[in-house]
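Sharing a structure, written as structure tokens. Questions coming.
Read from first to last, the chains carry the letters A, B and C; within each, the first residue is number 1.
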Amino acid sequence: MATPPPASARRLLPLSLGLFQGALLLFFALYATYDEPSAVATQEEDGTRAAEQLPGLFPLFQDIQVMLAVGLGLLLAFLPRYGLSALAHNFLLLNLSTQWALLLQGVRHGQLRLGLHNVLAAEFAAVTVLISVGAVLGRTSPCQLLAVAFCEVPVYLASEWLVVTQLGVRDVGGTITIHVFACYFGLGVSKALFGTERRPAHPKETPTPRSDLLALVGTLTLWVFWPSFVAAPCQPGDAQHRAILNAFLALSAGAVTTVVASSLLESGGKLSPGHLQNGSLAGGVAIGALADVPITPAASLALGSLSSLVCLLGFRFLTPFLARRLALHDQCGIHNLHGLPGILGAVASAVAGLSPRMAHPWVLARDGKHPPAASGSSAASLLAGNSNGV
Amino acid sequence: MATPPPASARRLLPLSLGLFQGALLLFFALYATYDEPSAVATQEEDGTRAAEQLPGLFPLFQDIQVMLAVGLGLLLAFLPRYGLSALAHNFLLLNLSTQWALLLQGVRHGQLRLGLHNVLAAEFAAVTVLISVGAVLGRTSPCQLLAVAFCEVPVYLASEWLVVTQLGVRDVGGTITIHVFACYFGLGVSKALFGTERRPAHPKETPTPRSDLLALVGTLTLWVFWPSFVAAPCQPGDAQHRAILNAFLALSAGAVTTVVASSLLESGGKLSPGHLQNGSLAGGVAIGALADVPITPAASLALGSLSSLVCLLGFRFLTPFLARRLALHDQCGIHNLHGLPGILGAVASAVAGLSPRMAHPWVLARDGKHPPAASGSSAASLLAGNSNGV
Amino acid sequence: MATPPPASARRLLPLSLGLFQGALLLFFALYATYDEPSAVATQEEDGTRAAEQLPGLFPLFQDIQVMLAVGLGLLLAFLPRYGLSALAHNFLLLNLSTQWALLLQGVRHGQLRLGLHNVLAAEFAAVTVLISVGAVLGRTSPCQLLAVAFCEVPVYLASEWLVVTQLGVRDVGGTITIHVFACYFGLGVSKALFGTERRPAHPKETPTPRSDLLALVGTLTLWVFWPSFVAAPCQPGDAQHRAILNAFLALSAGAVTTVVASSLLESGGKLSPGHLQNGSLAGGVAIGALADVPITPAASLALGSLSSLVCLLGFRFLTPFLARRLALHDQCGIHNLHGLPGILGAVASAVAGLSPRMAHPWVLARDGKHPPAASGSSAASLLAGNSNGV
């Protein structure tokens, strides 16, 4: 909808999408079955087992779906002219990338035993695409977006395997594997598509109070459900409880710090809607890497505050600098929301990991109970399909 | 709000509604109690039992409430002029029809033992009213809407009893009993109210980008929570897990197919917001009849794609044809979203039912584990009040 | 954003907020730990215990977060000019007050063992602030709002302790301690800030159909999730099931009565959006005090209807009277939504409490099983940190 494509490109979208759906259907027909424990156990046992685990996982899954389809879609609708197509493209990319990630999982393991945990892992892969395209929002055709999704999902899966399985980096909430990766992939895409072209901001690209209000509703939706995003890959029980509280504290501190920093950075002391829309979420990005680590509540608060501060400083100083020096186009400021807080979270995770037994003030001493880094990302185990979850 | 009613009709609405509320209150005072197991068991046991089942059912109930009050309301708000009244009327009809269905359940069984499962069953009855009035959106007075609700709920309950209890049709997600029924009831209402009157579309009935955006948010809300709608009446455990995955796959494939088909059908290759709003949900309508059947993932994908295709072809060719030939007025296109995909789902269910042991490629062979058709609709068992659920 | 503050006030907001965040961080670093049962029990047991209770509580927590951040924010956005700042200020106050209440809990008990139940109790404290500021919406600077939050939270905690712990008043849903308290605190704030100044309504303070639509979406969000708000502090099991059903019936009857009463009260028989936005929720306010009491379904319906009626009569007659006689400014009509229905609920609770064994027609006789008033508010037990919940 954004830029009217030429006649040939008009057919390119339905053709390539249709082909993709056909190929997917063929693959699923050949390789995919449902991961029903019933296949190997007696009917009684599975019914019981799934019934026990589904009530714990399904509400988190629905929360994450709301975040991706509604929350992120509305957040991207801050440009009044592209609101409808931002929402529509986000929805298309979500579905396409999830299905594509499911297929790639199947290819990797020779077959696909579908369960809610696979779908969740595939949605995490789709998140990277949704983040990346924020850099080029409103300047790309649907076909270009499809090409990004087609390339990014396999690269994500490979990088996730490398970072988590091979290097053993802790990253339960996807701070590094999802946010940092998606940010730099998206900036690369932006550079590749627009090169050194310096396009001035289109006058219609200015948010209005109305589009800002809807985008803020999107932010609030993401903010509310972020703890579910971080908790879903955690082990049920203690780790999940900890992840929820850590995420809540980081997000809450981040929201307050955003108001403080925005009032100081903006001339006139007014709040900038763009700052609020992005800064409030930075704490959630950073806490991902540490979510299930028993850090203290104060550490979560401090990390959340710091992330929002870094995010807003990025908007105020780094984005104009990058645009001027590198002609780097970053429409939604993904480098500020996903890149900088993600790096901050990764550093914090490394610091916490280095000092497990030193009674580090930020880490709750639990006489050696500190989870070793080798336990890695639950997202990875979800993806590998060897989760013993639902 | 839509059409200013004459002075007598202005009093008709509060009078009839007030009378209805009074009668309902009297009925509840005489016949309704809470379905507390505590009445027959020891205090200890029930507390435990309800505590076990409530966490599984209540989140699904809330998801369905969001769908009906917020999602469907916003979807109906696509006409800018009627946005507010569409939302308000949808809300009124939801409450009224639910209470009316609860009363009728009580009348049928001589008493009403209220529990979350009754309320859910009553909301399923209310859904039929909300779907049906989509055919006459913006052209009816509130009193006419009340009359539709008053008539449709008992007819739905009778038809549901006939189709599921008497004919033994499988329909856990309400494809036939809710969607197909509500569609043709709504078209009948439209014909009865407007006859052969050919009213040209009012210029103010054209959606604007802004009203389309809100309607798309409604669609996305419905899309996200649809698996909960389909899973709520299923047995907890395996069947529920399967229903969730089937619904997710059908909805996801439907969303992608909608984009493909809309680009091909629209001149200029642009996406039509109306197509996206409706086509994305068609897969959910069709999968209802099969949701807990162990069909293969590929079958869910294929059914979802096909439903969206049929839905969009209906918008493109059938609706203009019906309007021209039969002067049939269908403002929201309920025949395309609920009628055609519903019939498709019913046919697919019949095909799957015919071939339970033939190792049909679309149905997972599970050595005779295929659920017999006689198990019928869980919605029916919910309604009959003999559920042993919460 | 609303009223441009003078230059010194512009620095006051970030300075005071920043100081607050710093003090909070210090406090958390010194006193707060996570309430992990693991500290006192073996690793195995807690994992199991938390895993059992988290799936029951966390979805309710998320529902309440949606209500406060999204639902209430949108409801307050009914003034088109202040929509964005209403949403932003509501979000800031929610975070600030929650953190402030957590700190005060910690001060009271000498230390803070954080768990989901503490955070919930702190959010209940924040709700009072969000309600109170509705009286002065759009006429106060952010700094004034912060001052309200700073004062109201400790007063709420003291009044809650007095009413529930000392006087032993039943109030599981916060009818008295949250709604009535917040209403009169807010009116006091309004009186203190504006005195007898009679400011005529600004022409830009008139809602538009568009802002009314978004506010109605906020109402619907609150309406849908209200049962979660009432059920969260209840004991899991029977009491929670009862609270959900009581709240649902009261809210549903209230919605229908609102339409009846609004049609009668408005000239021309049209529905007033403002009536619908507020009246639909009055039933939820009133039922709070009785939510887990085994009253009959008819009593819930009657209470819901009566509350909505009282709320609308308040809007029609009491608000103009108070504005004229006392020059009392109540922008959102919190006295009608929270004050009057709250008092009604308190009276109903007292009546139900007086007649526990008299087989009162409104109270289900359960041979002495009627919960004694001494069991008090679960919110209080949550706050006191001695909940044995998650």
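The working rule: a contact is a pair of C-beta atoms (placed from the backbone, for glycine too) under 8 Å apart; a residue touches a chain by one contact, two chains touch by 3 or more.
If you want to know which protein each chain is, UniProt gives these names: A, B, C = Ammonium transporter AmtB-like domain-containing protein.
Worth saying up front: this structure is predicted, and the values here are computed from it rather than measured.
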item	value
Superposing rotation of subunit A relative to subunit B, computed on C-alpha atoms, to nearest 5°	120
Homomeric contact subunit B-subunit C: same or different residue positions, threshold half	different
Length of the line joining the C-alpha centres of subunit B and subunit C, rounded to whole Å	32
Residues of subunit C touching at least two other chains	55, 59, 210
Residue numbers on subunit B that touch subunit A, as the complex places them	55-56, 59, 63, 209-210, 212-213, 216-217, 220-221, 223-225, 227-228, 231, 235-238, 240-242, 244-245, 248, 252-253, 255-257, 259-261, 263-264, 268-271, 273, 276, 280, 294, 296-298, 301-302, 305, 361, 364, 366, 369
Contact footprint of subunit A on subunit C as seen in their complex	1, 4-5, 7, 9-11, 13-14, 17-18, 20-21, 24-25, 28-29, 32-34, 36, 38-39, 43, 46-51, 54-55, 58-59, 62, 65-66, 69-70, 73-74, 77, 83-85, 87-88, 91-92, 95-96, 98-99, 112, 114-116, 119, 142, 210, 214, 390
